[in-house]
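Next, two complexes with chain A in common: one pairs it with chain B, the other with chain C.
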Partner chain A sequence: MIKPTPKWLLSPAGRALAALLLVVALGLVFNADGAFFKLGTHRDTLRQASTYGILACGMTLVIVAGGIDLAVGSVLAVVSVAFSLMTIHGGWSPWLAIPLCLLLGAACGGVSGGLAAWCRVQPFIATLAMMVFARGLAKTISGGMKVSTAVQNTDGTYRYVDVPPVFRAIDSRVLSENLSMVTVIFAVCAIIAWLALSRHRWGRYLQAIGGNEEAARLSGVPVNMAKLAAYMACGLLAAVAGLCQAAQEQQGDPEAGAGYELTAIAMVVIGGTHLMGGRGGILLTLIGTLTIGYLDKILSINAVPESRRLMLTAVIIVAAVLTQRHRRV
Partner chain B sequence: MTGIGKRFGSVWVLREASMDIHAGEVHVLAGENGAGKSTFIKILAGVYRDYEGSIAFNGQPVRPESPHQAAALGVAVIHQELSLIPSMSVADNLFLGQPITRFGFVDGPAQHTRAREWLDPLGINISPARLVEDLPVGAQQLIEIAKAVGRQARVLVMDEPTSALSQPEVEKLFSLIAALKRRGCGILYITHKMEEIERIADRLTVLRDGQRVGSAPAAEMKTDRLIRLMIGRDIEAQFPRHAPHPGPVRLRLDNVSVCPDGPRTPPAACNITLEVRAGEILGIGGLQGSGASELLTGIFGGYGDTVTGSISLDGKPFSPRAPRRAIESGIALLTHDRKATGLILSLSITANATLAGLPALSPGGWRNPNRERAATQSLASTLKLRAASLDMPAGELSGGNQQKVVLAKWLQAKPRLLLLDEPTRGIDIGAKRDIYQLMDRLTAEGIAILLITSEMTELLAMSDRLIVMHRGRITAELTRAEATPETVLAAAMGRIKEKAAG
Partner chain C sequence: MRTTSRRICQALLLGSMASLAGIANTAPDAPPPAPAKTPFTIGMSQCNLGEPWRVQMNADVKAAAERQPELKVVFKDAQNDTLRQRAHVEEFVGAGVNLIIISPKEAQPLTEPVAKAMKAGIPVIVLDRAVLGDQYTCFIGADNRKIGKAAGEWVVKKFGGKGKVVELKGLMTSTPGQDRNAGFREGIAGSGLEILFEADMKWLEPDARKEMESALARFDKIDVVYAHNDPGAHGAYLAAKAAGREKEICFVGIDALPQEGVAYVAQGLLSATFQYPTGGAEAIDTAMKILKGETVPKKIVLGSRVFTRDNLVKGGDLIN
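So, the complex of A and B:
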């Protein structure tokens, strides 16, 4: 007699949680001589996963509505370059620079969203175009160079300026050095995204659009506006991730964020959100973010070389998605 | 066929059902959806092997174990989906699997001649060389029948053969059936359409809930009795329509035309003038392509800004632009395809039922799950919605309960005008009655209803007044007393009623 699968394992959250627990169990066994039990390891895991996690929250909003946003990595790069230019080179106040950067990210998302909603360009194509464009924009405004604290003088020599206080603030630690500030930022973003998706009318509209766009339209859902807002929010969160990235690296790198969109999508999908839209949520994405974050950390503390880490990650992504496949009973 | 029984799991879908088909007669098998008709013919056609009872063919007991064996016995089923190969010629299709060959090669000219020999006596005037895909559906169906007859079929089973046919094609099919009767074929004919039953049936057998509830020569089985047998109760009990108390004019259309594909395309509904009063059900009859469905979608703003003419709602001008605006103005549209355009199948019952009324349920934008659940709960009990949980995805419900979720969604939006496009399509008889009762109650509360239905009994029983459309135009306006299957059908086929003198 086969035991029936426990009920909590049948729900998407249960399955995603099972995958995460499996990864954590892996860490308990392969603890690299106790490194896994140190608080610092977990702080770093969360810190490294936070930038991706912020992207994944925005990505969840778009994917739930049946879309995709490939531009988040490039938008992250544009914003990190722009933020560095404003604060390091320009010496602008962060109270001016941060809103402008967020606006820039939202504008990039708005263009993709407008193309996808009103012009009916497929989201894959619209955001692919934005991905290429934003990368080009990042290289243009940075002159193709990293924007760092080494500022070039007019005579070609370099002078070094201080790291702006806002960079140090974002890259600081709180709770007696036990938690990174970026993780706090990630948590705030996740809470806001969760509220929007699960407790606000707009979130329900996104789910409805992802489930059946025509039925949603005929039920009075403002389809185009809701979609536009999803892409704008995704761009805005990519900008937040860009600010964090710039602060952590203390520079604006026009090459930053390449491939991050794929990691973010992987986190969303491992969480159990359907790529076809309609089903999913921020909590699932949080679990997915932790799963990939911990997996990466456990492999790295066990000194698995990056080449093999990539291959193993791919295998685990496929395994996780296969176990989560929606089964019709 | 005697004492046929069949069950799936523990559910008997067919029990002690019997019927006999004589040579040269049309025997109509009638019954509501889910009565067991399809199972019955599948047993005859050898699709199911495990059943109870016995089948005798020309007095010999037989037990077809596969469709192939049934065909060898002379039983042919003409399915709703045709089994011809579109890219091949008529002749090739007729002899598919048993081609006429010469030295191992298909003998084209011989097949051609032979095909003519098969087609001509049946009065089918189609060149055997034509490709099947170039023929209209009706002609394809005739070819399919010719193929069966040419292969010595003695019993032909036709399962709703006219559902995809135009009226002239139906006429051709009926004359072919007459020819087949003269040749001594027995025909088992399944249909929902009363007018077809009246025209071609020689005998009738009625199934209900898997059992035979009646069988008689057509002359002894009048429409009333037939319906009573099919639904198990009187028409009045199935269609609870109380005398209406029409109030002021709710919706008025003046010369309204709807062009679904844009302003410069031919209109699907043209120069429609009508009015519906509060508390009234206005039925719209018509065949496929009548434009009634497009008219309702157009009024609702489903095609955007493509409607011309003037519309007024409660005396105030209304211009349809988007469904959202129509809903805000108190209009609701139940579409004819609930899975494609009515429901978000992946979302819960609650999410679906609150979708159209969400702005009112979430003032300031923030949702209140408890309030949504309470609202859905109360609508679910009004509508007799049966579900294990309101958090269940809508896609896991039965057709009738799905339709109730759609209705709950629209009631939640508090409409003044309800546009119902085939509200009872594909749902069981109990749910149908629930929906009829709901319609009656809603009109008593002063809601106006525009009802499209292709079920004649439903149209006649539920409508207080009727209009009939044909190819986008109104061809008749009938009072409840004037409306009969004949008058509606004549108008639906395009015959414009003579205006009474004066």
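So, the complex of A and C:
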């Protein structure tokens, strides 16, 4: 006699939550002499996960529509370099630099989306090309060096400038030091993405496209425009992540974000969004982000050596996915 | 079936992604404007320009070469691809350059191409990483273990032999990571310094910040952070600053690039940084000697300097 599965476990969110609870339970057991019970640990976990989470929100929009965006890590790097060049070296006002950076990210996404929608290039290829191009662009505009507060004069010597106030503002904390600003930014991004995907017509279009693109087209969904918008939104969110990355590193690193796209995809999929499109949501991605974020933190506070950390991560991810596997009779 | 083949296709693409990403590593290696008289051409093969340190190495070679009017240097970037670097050496031999400078990615696969260049009568200077055997003209490099040891001894002296240390390690599968770790342990051996927490931050600043946050969450008293590179030390500093504990901790890094470690020391973020010299200028000096027919030593170990707030103005102190 098998017990019937509790109802809450049958919903995708419930299953994702079970995986998160599994990871948190690990933290309660392996609490590293009580470090896991400190408020600061959770604040730092959320800070660390926020950049990835912002990328994952954009990734969710694209994946729900049956696509994929491999370029987010590179776009993050381009934007972090551009933002640093504008604000640290150029001394531009953030009111000018931030919109330009967001535009840059959206443009990168737009190119991928345009290629995928109208030129019928497979999203994998289109965004792979953008991933390579954007990385090259980041290296080109930075000259291969990190854009930091040490500014090279024409005679080869260096002068030091202050970290721009906007960097300090993004890397600050609110709620009497208990919440990082980047986490607030992540939350805002997640809410907007959730509203768009679950409450707006565009979100239903994306789900329809991901479910069956041809059927969506025949039912009058503006498939190409909706797809383009998804990739642009993904690029825009990658730009937001790039701003956060630059502020947290206090520099623009052309090598930043390498491999972040895979973490973002993992967060989306662990949350329970289908990699083939059609089904999924921001709430699931949020839970997936927390699952990976907490896993990372628990391994870190216990000072698990890198070699074992990689293997443990793989095992726990598989365990988490298995707990939330769709059981059909 | 269609999905299966699509998946196979994607798997294949994932494989090619790595090599494509390598293409992104291309940095502009514009040939220097040819001076009126260039009797000597040097071919310089860099294993990758993805790291600021190697960009600096090329910049140092270029700056030193510009002081020699009869010298022309052709730069090539192997984008972290061993076989591409092997092709560089063969191309230089084919082009008949007067001398080759190579900073090899790996020893074994590049040993033979270098030996062949030597057989063709072209002297080869090997920079930073070695090749096997003795078929090269001169090896120039620094000693990571010695630098790590100097860092350890500096910390012992600064803290009177007592204190609690966090070590943020570079990739421990790389020899610089291993040597900077072993050297530091050697330097602090026998003292009362205790390693509280150690983690692999893979040379990456965001990872260093994350690991430092964990260390701060676990331990109420940390005296020193020893990071295997300056970005790591900077990441740790940012974590401590966010926790309001940066004043009670002394941060030590390695590499001392002008725009990284030295800048951080100048700005008062790091207490010390230990230079890992690129050897770019020394390579050109040695090349000029070889080209003029002088004899050069088979191995040149570069001296390192320590930069602290007090000695920054005079350009750091030499480490013995």
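By definition in this document, the second predicted complex is superposed on the first by the 325 of 329 C-alpha atoms of A that agree within 3 Å, B and C clash if a C-alpha of one lies under 4 Å from a C-alpha of the other, contacts with A are read in each partner's own complex, and residues count from 1 in each chain.
Rule of thumb we're sticking to: a residue touches a chain if its C-beta (ideal position, glycine included) is under 8 Å from a C-beta of that chain, and two chains touch if they have at least 3 such contacts.
None of the values given here were measured: they were computed from a predicted structure.
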So if we stack both complexes on chain A, do chain B and chain C clash, or do they fit?
fit
One more residue to check, A:199. First (chain B), second (chain C), both or neither?
first
Larger contact residue set on chain A - chain B or chain C
C
For the overlay on chain A, what angle lies at chain A between chain B and chain C, C-alpha centres, nearest 10°?
130
When the two structures are overlaid on chain A, which partner does A:35 contact: first (chain B), second (chain C), both, or neither?
second
When the two structures are overlaid on chain A, which partner does A:279 contact: first (chain B), second (chain C), both, or neither?
first
Taking the superposition as given, does A:216 touch the first partner, chain B, the second, chain C, both, or neither?
first
Considering only the touch criterion stated at the top, classify A:208 as touching first (chain B), second (chain C), both, or neither.
first
Quick check: superposed on A, how many Å separate the nearest Cα atoms of chain B and chain C?
15
Overlap of the chain B and chain C footprints on chain A, listed as residue numbers:
none
Mind listing the chain B positions that touch chain A in their complex?
300, 302, 323-324, 326-328, 333, 335, 340-347, 351, 354-356, 358-359, 362, 365-367, 369, 409, 413
Where on chain A does chain B make contact in their complex?
199-205, 207-208, 210-212, 214-222, 274, 278-279
Name, in rising order, each residue of chain A that touches chain C in their complex.
32-33, 35, 38, 40-41, 44, 48, 70, 74, 124-125, 128, 131-133, 135-136, 139-140, 143-146, 148-150, 152, 156, 158, 160, 171, 173, 245, 248-250, 253, 255-256, 276, 296-297, 300-301, 303, 305-306
Which residues of chain C touch chain A once you look at their complex with the stated criterion?
3, 10, 13, 17, 20-21, 23-28, 49-50, 52, 55, 63, 172, 197-200, 202, 205-206, 209-211, 213-214, 216-218, 231, 234-235, 238, 242-243, 258-260, 262-263, 266-267
